[in-house]
Amino acid sequence: MTTALLDVQNVSLAFDGILALDDVSFRVARGEVCALIGPNGAGKSSMLNVVSGLYTANAGDVLFEGERLTGVGELARRGIARTFQNIALFRGMTVLENVALGTDFRGRASFFEQALRIGRAPREERRMREEAAVVMDLLDIASHRTDVVGRLPYGLQKRVELARALVPRPKMLLLDEPMAGMTVHEKRDMCGYLLGAHEKLGTTVVLIEHDLGVVMDLSDHVIVLDYGKKLADGTPDHVRADPAVIEAYVGSFAT
Amino acid sequence: MSFFIEVLLGGLLSGVMYTMVAIGFVLIYKASGVFNFAQGAMVLFAALTFVSLTERGFAFPLAFIATLAAMLLLALAIERIVLRPLVNAPPLSLFLATLGLAYILEGLAQTLWGTQVHGLDIGVSDAPISAAGVSVSRFDLFAAGTAATLVATLALFFRLTRSGVALRAVADDPLAAIAVGIDLRRLLALVWGVAGVVALVAGLLWGARVGVQFSLSLVVLKALPVLIIGGFSSIPGAIVGGLIVGASEKLAEVYAGPWVNGGIETWFPYFIALAFLLVRPAGLFGERSVQRV
Amino acid sequence: MRIEATPWSEPNTSTPPPRTSLFARASGRAVVRIALAAGGTGLLLVLPLLVDDYVLSAVLVPLLALSLAGIGQNFVTGYAGQLSVGSAAFMSVGAFAAYDLHLHLHGTPLLVSLAFGGVSAAAAGALFGLPSLRIRGFYLVASTLAAQFFVEWLFTKVGWFSGNSASGVITAPPLSIATVDLSSPGGHYWLSLLVVAPLTAAAYNLARGRIGRAWMAVRDMETAAAVVGVRTGQAKLLAFAIGSFYCGVAGGLWAFAYLGTVEPHGFDLDRSFQILFIVIVGGLGSIAGSFLGAAFIVLFPIFLDQLATFVMGGSVDPGVLQNIDKIIFGGLVIALLAKQPAGLARLIEIAWLRARRWTLRSA
Amino acid sequence: MLRTRAPGFVPFLAAALLTTACRSRSENASAAVLASPAPGTVSPGKESAGKEQYFPLQSYRVGPYAAGGSGFFGGFIDYMQLVNIRDGGVNGIKLTWSECETEYVVERGVECYERLKGGLNGAPAAAMNPLSVGIAYALIDKATTDKIPLITINHGRTDSTDGRVFPYVFPLSLNPYSEISAIVNYIGQRSGGLDHLRGKKIAVLYHGSPYGKETQPIVELLAQKYGFASTHLEVPHPGTEQESQWLQIKKLAPDWIILRGWGIMNPVALKNAAKIGYPVDHIIGNIWSNSEEDVIPAGAAATGFIAITTHPSGRQFPVLQDVDKYVLSAGKGNMTDPKRVGTGYYNLGINNGILNVEAVRVAQAKFGNKPLTGEQVRWGFEHIHIDDARLKELGAVGLLQPIELSCSDHEGGGAVRFEQWDGKEFKVISDWIKADRALLRPIIEASSTKYATEKGIAVRDCDAEARL
């Protein structure tokens, strides 16, 4: 099999004694859509936070493209973007500025070039705007470009956050409940955006989602966590058939 | 040796004076998360009101009660005019609002009572009393005693009275407190009232110590490093912080000062505070949770 | 359910770049704007011919200097969200450094001295900004207050900084650039304008560019900022450094162009609060706001005095007036914070929008 | 760039227009108020025109030093009031004045200067009297270019005593150097002659500011000359915290302490002296540590404190009796608290009034009995010669020292009296004690010439001017 893009090795995480993740290992292949599922408190978000370096695991390693991930600082530069369960946007800034921040880490213009708007600075700004425009059009938020994010409705904010994550064209996208609290229509759109990004850019997607319908339709690979332990790991059908999973989700698969 | 002890004692005792002011801060910060820069102005306001009343022939207790009433009224006014409009404004705005409040209080106090410099004699002489070659000012001892009593009273107040308990509840978890039906407005007014009383006591002691005039409002600058070391939300912190600042700055001035020919007391406490912060970014006794802005 | 992937259109470079906040305005209005700007600039240049010495040397010059300091404070507090009450200290560093360079390297060009002042202040700012990497919130006041008092002490104490003049007060050299003499009130104004205008333009570029976004990201949510690749520590230090640079240059102007002298206590804590108020009144995170705030701070007391004179005649004791002045000012600050935290800048923006809507409707 | 700058200029226009608007309004505002006529405008329409001499007052009645300001300017105003009521002005020229609050803050002082320098309703400004070292420094250049005398009585820049370099600055009656010299002379006298100073210990407790530090070199100089040991202890501004300094004093046990304080620092110092049991009658307050406001807050701790003065407290002087008779009893007094009439700052204000008015009178003798320009009044100051006889006429014997100014000497006096606080009031305990001005002059000239070369100032040739 091909070398995994993301390789989580025996990760354990404890908050003052209580074990949130217990020796969890899994691999995510390049280009797949991988879903982390499991009941509340199963440790899904914790896992995502370990991967993105917000938590440091007490034990175990996280390899990305075969190299260890060290700290949140390098996340974007390694080609990883993420969204948060309860939106983490820059509320005081406009939609455009928020999305722009997604690519800013690529900026090379020196301080003086920026202060005087000469050399690389204006070019980078223009490029940033183009890239941002594309994504904003894609997610139908272009019309809100100059609105202050804090004042936007929830669904829009979710999309802005996704836009900010997509705009650098990341290799891997970590999505923590991207469709929480959305209507069926919104979910459908959201899935559309995700698949679009995934197909066009070959972005690898790791997402946490509760709506199993969505999960099964969307993902090529499902990992089930329960009480910090890995319960199952495989294709949707394989997982759907797994007795332990059925145990955990009594009859959830009736539909 | 005895000289060293004298310096140390002197430092600790002036530290107590700083604590007096710092406690007012802590009360308000605990209850409302407001970093009340106006505390110094409140000290000035209280002291000036008291002195002016006594000079207009009020008896000491009468003047005290009148000033007390004034401070409570002030607290009500502040809650209404300053805090209520700024409910759930960012802490930075609240802090800046108290700067504005300080301006108002200074202006008000001086409009009402004039800008005269007043002496304040609370009947305690400065004459030193000596023991084992170490002499300490009577007044400083008296001040320390008063401070201790004040702290004890506050402690009792918060343990025994309903509003005291309510205050602790709010300090722990505002939302929950409101949920169980605590009237936050009333409580805020109350806390500011208590802070006003503390300001009055502090004002009397400071006034007797340095005279009553505009500079009194600057004592706030002495209280800040104390708070930073102790943590904004902890009364024990304010006490320990006060002692640390008082002692260290005096020792520094006397023993290190001469090398840079003196006057280092203005900034030295802040460097001490910084040193502490780098080890404990929320002060000795402060909870990390209260990091806003 | 089946989901259709939403088509992802590649950016088409042949088509013009998409219109964004900056370019969104109709070209017609752009023309108007530029005309306005040109007119305004022209007006600024000839102002000395229109107004008398009093307005120039007692209002406009300090207004310019304070605006610059306001921008500096805004970078730190308004954009990067770091509480600083030490702006005066950095002004002081700027003023004394500029003076000392001039004193010890005789014949240093004026602008070079001022720039040197700014750079020194930036260094000091970065130094005292270091704790911000570890300390958050109000506790950070320790750092800037330390700067405030230490600098004041240092310049009072060490005679060398003030050229060992017996009094410790420094007096500005006669002002001139190249051979142009600037010692007249008009000259002082032009000098200030010459310094402030380009720095303001640069401030806009920074605030609207990558650096400004990084600052605001740190201000709004530091973790998220780190996740999207903002080097948060770097951003904070940069904010302190650049902010202090602006304050430093402002200090230089204050000393050279406005007072012509400066003593350490001229940059005390009250000055720091004054700068802070400028930002609050003008509007946190707004460059134009820094100017509005400064204008307010400078004009308000004068205006009130004039008003009192006009309304009450001589009957009112200036002392009382000053106290009332204090009260009203404090009240206004509170009111603004409660009603319009975005400050005068936002108020004016709103008014401007209303006016435009009205004109459009009537047209 | 253009676009980005556009919003910036709005406030300026606002500023310019607003102020100009206010100013034009104040044009027709009544006299003797904080009006600010456009500089140089003479409006003959006003009944006052051509009959008034204007004194712009950069006063301060609030802020940390309010006590000093309200007393000084109160006395100054009451004296001018007296001259108007009793003598109908100076040779028929009425005195007018208007106040502008500086709060002792430098830039406000500058704003006030700019606002008031142009005169009032056509009455030209005679002289500037900011009672503030900081403001004085900021005004030296401006006043010199505008040709308005800058009076810094008992304070200000020492080397401005040299009128050849500072033609418009007048540190009247006592500059900081003279002050120290006089104090040392007094200590010498008390210890039975200057030669007895050898081996004595003198500590200087000074305010942590340029003002506080200014006299250090002179103290050192005198210490060498007379062989006493000197220690300098700084009290950080504002002066509410002095424990450690006084602990050091306790260890040092000096024979005398020179208190070079300001504002709140003074009473706190006296209270601390009591705390360590230092004899307060061996503390000598300097010219800014000699007012009732400096001792009263210290209560009993202050009794016995000695201070120098150029303006003894008290109402017994004839001139103050006149003020009482003509001004106060007529309800025209300026002091909100009449009890303060005759106190230190007030009497300094009276002295300042006498000297300013005298300068106008002297100048009128040369230029005629009409409102005078600042330049003419400057001539008046440089030719003030008040001897004992003149002091008698002025009713100020013992209140003001005999004083003679000249083109090169803008100080003139240099003598002080010593007074002691008895718990209720200051009692004068010495006659005028002179400073060793001959010793100080070279130091002053060295400093002033350095300044002249630094600023490229042409030094006046006083003899030549005298010959004119």
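A, B, C and D label the chains in the order they appear, each numbered from 1.
The rule is simple: a contact is a pair of C-beta atoms (placed from the backbone, for glycine too) under 8 Å apart; a residue touches a chain by one contact, two chains touch by 3 or more.
Since the structure is predicted, the reported quantities are computational estimates derived from the model, not experimental observations.
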Would you identify the chain whose Cα-based centre sits farthest away from the centre of chain B? A
Quick check: more C-beta contact pairs at B-C or at C-D? C-D
What whole-Å value do you get for the distance between chain B and chain C if each is reduced to the mean of its CA atoms? 33
Using mean C-alpha positions as chain centres, tell me how far chain C is from chain D in Å, no decimals. 36
Averaging C-alpha coordinates per chain, one finds the centres of chain A and chain C separated by a number of Å equal to 40
Cα centroid separation, chain A vs chain B, in Å, comes to 49
For chain A, write out the residues touching at least two other chains, lowest number first. 117
Residue numbers in chain C touching two or more further chains are 153, 156-157, 205, 319, 323, 326
In chain D, what residues contact two or more other chains? 1, 61-63, 66, 70, 208, 234, 236-237, 336
In contact (per the touch rule at the top): chain pairs: A-C, B-C, B-D, C-D
Residues of chain C touching chain D in the complex: 30, 33-34, 36-38, 40-41, 43-44, 47, 50-55, 57-60, 62-63, 67, 153, 156-157, 162, 166-169, 171, 173-174, 197, 200-201, 204-205, 208, 258-261, 263-266, 270, 287-288, 291-292, 294-295, 298-299, 301-303, 305-310, 313-314, 317-319, 321-323, 326, 348
Enumerate the contact residues on chain A facing chain C in the complex. 52, 54, 72-73, 75-77, 81-82, 84, 88-94, 96-97, 100-102, 104-105, 107, 109, 111, 114-117, 121, 124-126, 129-134, 137-138, 142, 145-146, 164, 188-189, 191-193, 195-201, 213, 217-218
Give the list of chain C residues in touch with chain A in this complex. 1-11, 13, 17-18, 20-21, 24, 202, 205-206, 209-211, 213-214, 216-217, 219-221, 223-231, 238, 285
Name, in rising order, each residue of chain B that touches chain C in their complex. 35, 81-82, 85-86, 89-93, 95-97, 99-104, 106-108, 110-111, 115, 221, 224-225, 228, 232, 260-261, 263-264, 266-267, 270-271, 273-274, 277-278, 281-283, 290-293
Can you list the chain D residues touching chain C in their complex? 1-16, 18-20, 22-23, 25-26, 29-36, 38-39, 59, 61-63, 66, 70, 98-101, 103, 105-108, 110-111, 114-115, 118, 133-134, 137-138, 140-142, 157-159, 208-211, 213-214, 217, 234, 236-237, 336, 447, 451, 454-456
